[in-house]
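Shared between the two complexes below is chain A, which has chain B as its partner in the first and chain C in the second.
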Partner chain A sequence: GLGRGLGRGRGLSPRVGTILLSPGPGWSCRAVLDEGHQRTVRRVAWSPCGSYLASASFDATTCIWKKQEDGFECVTTLEGHENEVKSVAWAPSGTLLATCSRDKSVWVWEVDEEEEYECVSVLNSHTQDVKHVVWHPNQELLASASYDDTVKLYHEEEDDWVCCATLEGHESTVWSVAFDRSGERLASCSDDKTVRIWRQYKPGNDEGVVCSGTDPTWKCICNLSGYHTRTIYDVAWCHLTGALATACGDDAIRVFEESASSDPQQPTFSLAAHNSPDWAVTLHCSASVLRTSVEAEPSRKKRPRVSFSRHMSLMARAVFPVSFLE
Partner chain B sequence: MAVASPSSDLFDEIVMAEERFHGEGYQEGYAEGSHVGVVEGRRYGSLHGAKIGSEIGCYLGFALTWQCLLQKCTDEKNSKKIRTLDSLIGMIQKFPYEDPTYDKLQEDLEKIRGKFKQVCSMLNIQSDFRIGTERSSLTF
Partner chain C sequence: MASPFSGVLQLTDLDDYIGPSQECIKPVKVEKKPGKAAAKIRIEADGSYFQINQDGGAQKLEKAKITLNDCLACSGCITSAESVLITQQSHEELCKMLTFNKTATPNEQKLVVVSVSPQSRASLAARCKMSVLETAKKLTAFLKSVHYVFDTTFSRNFSLLESQQEFVKRFRKQSEDKKALPMLASACPGWICYAEKTHGSFIIPYISTTKSPQQVMGSLIKGHFAEQQHLTPDQIYHVTVMPCYDKKLEASRPDFFNQEYQTRDVDCVITTGEVLKLLEQEGVSLSDVDPAPLDTMFGSAAELTSHAGGGSGGYLEHIYKYAAKELFGIQVDTIQYKPLKNKDFQEVTLEKDGVVLLQFALAYGFRNIQNLVQKLKRGKSPYHYVEVMACPSGCLNGGGQIKLDGESSKDQLQQVERLYESLKTEIPEKNRTVNELYEQWLGGVESEKAAKALHTEYHAVEKTSTGFNIKW
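Here is the complex of A and B:
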């Protein structure tokens, strides 16, 4: 997985259980963190402040690494999951961390000023393997994607975390989710080869969407189907331009843009296009398997730059994950 | 045997005999199957219920013991642990044991399991109570 930091370094996690910091053109490897995990490191995530790196591993642990002048030190190992940890994510506040696992649970952890981590909740809402967790950009709201075909949302209610919404609609595993800049909308991508866009409707909304109690309801307002020919493993929503990028098992990255005349309740997205015939909208990965990351930059300067890496496993030809460089 | 009925009824009885026996056999079989099903269901239900009872009982005993042990320590760190323990105990005590048709049964059970895991994490205890690698872990 590719973790974005404050432009300072990128964490990559190949299957051998080590974490390398930033190989690639113009980058030099600054550290090799090979003492933390015994199995595949599935995802890494930088803390919002940039001083900590969290690594989620198939060995059922999550390590927290602190940046020092001469390298990285593992400050703590979060244990508790029964098997493979699939994803880890820091909340924008920097005090909360979420992990999810094949054991079907999502754990929320809190860190204090003394760098002590404590589990604040174990959420058993999903009925299958949880693939990904992502935090809302400005609220303490957590989203998770699962093999049970749903996306679930969680927030804190009276000192405890609860599942406040379940987004049903996908017909197969949901691999990833991404919030838009405002956090009003969520994009989910799935093994069913579609990307769905969901919108939050608060109680008493103008559109007349029914809500139960004080929790907002999330409704699917757009379904992008027919563009992808294989499983879509990752989706990213650019917070600068509003473009959506997808990473697909058919070797391609696709960039979608929202139509200008789009109705906010029923938006339409189309593959980013340009008048020039030689500008390809579907970017095919041409890097060799040895290079773990490639940057693709379309010819028009205004278009968002997209980076992706090859998933280093038996599914080697899939593009996984994808993120916008900001 | 019908005396006043015409000879066609007699033939009906003979001709329809197989179908009649079929039907009677089905009824008997269905009744026996239902009865066996109820017996098996009751046995399964009581086993399953006992399993859940054993699991929740274990969590309750564990939580009450720790609540007792931590009563003496009143510093800030422990107050969170005590609060979480109290929450677990509360959830277990609120659980409706006598109502198997409670619609949120599975959901509440999962919440209890999650809370128990959280407590174990806070107390730094393995949730399967595994002591060393030779001993087997506790399962329900």
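Here is the complex of A and C:
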């Protein structure tokens, strides 16, 4: 079944007191963590080592849970955001964590060997609600998506974190971002019904893109528009196959593939067929209306299989969020 | 418009988007008449509301009114109140007052006093490429329609002395009072507003009750100085020049409002940047102005002095040295600061025979304040005193300081620091005028008058949680 042999479970976002459904064969509910938060849990994230789970909540806190033999224990609660925390993400190094909130800020936290968490930086670059934060796959570079229509990137400079790039172009709220496997490209999805692909150009690049100082410049190299009829809430970039999946308010999941003859500076993506028998997806739905997850099984043919189950019609309008199992 | 307030203040629940349920959360008291529940309301053509009673009679309904003070105390839509505040306190207001004075009758005229902070002066000196002394003299000359120009370094002596005394008292009673230590600095209004709103009654007991130099000057000018000039407090218009905008909020605190004479201790706060705007408006280049002698009443005319311990006032430095002497008989001449995670978080330790006697820290900027408070909440703070400031790098880097073009902010700050530190430092205890004032104005160091004039209190702000303002 899915997830077998990969050593990672799936964190589902529980609402207080909600019992998780057993969604299908091979999956059973291991624990219900209902004593950490007072309001909606908006996002969960596993640490790279797999021993910790971070949960971001509308109660303005982020809980860190440690996996024990007989369940999970809340080892600490990160406070400081003024209001709803919208997202949480672990850096690949495992010692840094990022959170973002409706209070317009992005916080970077550091954890030491004694499991003590400290705030390393509070970034106030966005001018509106920050919806999502995502780390670069192999660098300590952080991306955030906001209601202010931009994506911002951050890195450490001397003893503080700074915003090193702002990606402008979307005409409305940016709901999510995803890096490709190499981290050279970033995909962002928005309320403006488009997905944009951005590429990093380092100083001295061959393409002649101008950079200021030592920071790379990010340029929009592709705009996928006309495919979605409503807000796109989430985007995921498969690190195995390079396919892009989107979760949209028009009740559909779409998968895009990059054309074989695609120019790296101007890539083209096409929508993979929906009804093709080659595509099958299993939807795991939790009782919480906000969360469904799409798991695309990497088959031997190296093509994710996507299909739409009847379950979808019972769910709320928004399909949100989407991620690829690796 | 990007908020000019310190980062710490900006994070205190300011949301520019005001949803329908957030417009105003102040409850309005209405006279409730006993009787049947449902009332009918009729709206007239002119927009006024009438309640129709059971017997058919109509009653005009009053409009709900909220005062600015109500607004400032609530954590709901304070963004709008703050912008009202900024417009009420600006260099334009000062100009209006000076213009008014020119044509007013002697009865209506106000004595205008300007108190300049040393940080603002250093920033102006850097911008105009002059020494701080030259800057002070030329600024005095420029503000010629102002009657007196003073330096808040003078009132800072009181803040330092009172903080020293307060710390030693708290240290001595730490076994009886669990919240005596750590004592947290009180001069920064960005920190105070954040503390009151976000941590309220948990953190307030730790905060020093000593007033900031701005407010001590306010008490001095509207109290002793007014008396000396044979004026009532409301006949003086007291302006301060400060390195940040948060000081404007401090000046409008109800605790610093004189009820009897209906006047504030500090009427108007203008930032260093606003002074520059004033200069530009008048088409004056400060370096071209002929210097005027400094006002001698508070402080010495011969030379300007400063205090040791950095651009934010030197609270840690003074309290540490005083406490070491007073509590342990140890004379400290130079302090070794140990930077921790970042340059805005530094530690100072007094050790003897391997035992830690005093452990102090500097915590500037929001992330360090955040970590400090969280450690305190978990009972893991090892400090006896922390000099807390909202702005990274302290007051010299305040939000109201002048930004120089063409230079990196790091170089600019270094220039301002150098100018600030170019003055000779003095020890508060040795200032003769300060000692005289303790006697003449306050009737002694431990007097009730001193406690009232030099100390203040803090108020936790009630948080309101409205479930309606969720934005997915």
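Quick note on the criterion: the second predicted complex is superposed on the first by the 265 of 326 C-alpha atoms of A that agree within 3 Å, B and C clash if a C-alpha of one lies under 4 Å from a C-alpha of the other, contacts with A are read in each partner's own complex, and residues count from 1 in each chain.
Please note the rule applied: a residue touches a chain if its C-beta (ideal position, glycine included) is under 8 Å from a C-beta of that chain, and two chains touch if they have at least 3 such contacts.
Because the structure is a prediction, the values reported are computed rather than measured.
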Q) On chain A, do chain B and chain C fit together or clash when superposed? A) clash
Q.
Output check: A:Ala187 vs chain B and chain C. Expected answer is one of first, second, both, neither. What do you get?
A. neither
Q: State whether A:Asn83 touches chain B only (first), chain C only (second), both chains, or neither.
A: second
Q | Partner chain in contact with A:Val122 - chain B first, chain C second, else both or neither | A | both
**Q.** More chain A residues in contact - chain B or chain C
**A.** C
Q) Can A:Phe58 be said to touch chain B (first), chain C (second), both, or neither? A) second
Q: Using the superposition on chain A described above, determine whether A:Asp160 touches chain B (first), chain C (second), both, or neither.
A: both
Q: Scan A:Val195 for contacts with chain B and chain C and give back first, second, both or neither.
A: neither
**Q.** First, second, both or neither for A:Ser105, with chain B first and chain C second
**A.** both
Q. If you lay the two complexes on top of each other, which residues of chain A touch chain B in one and chain C in the other?
A. 79-80, 105, 118-122, 124, 159-160
(Q) So in the complex, the part of chain C that touches chain A is made up of which residues? (A) 2, 7, 10-13, 15, 17, 198, 341-343, 366-367, 370-371, 374, 392, 470-471
Q) In their complex, what parts of chain B are in touch with chain A? A) 80, 83, 87, 110-111, 113-115, 117-118, 120-122, 127
Q | Contacting residues of chain A [partner chain B, same complex] | A | 79-80, 105, 118-125, 159-160
Q: Write out the stretch or stretches of chain A touching chain C in their complex.
A: 58, 79-80, 82-84, 102-103, 105, 118-122, 124, 127-129, 147, 159-160
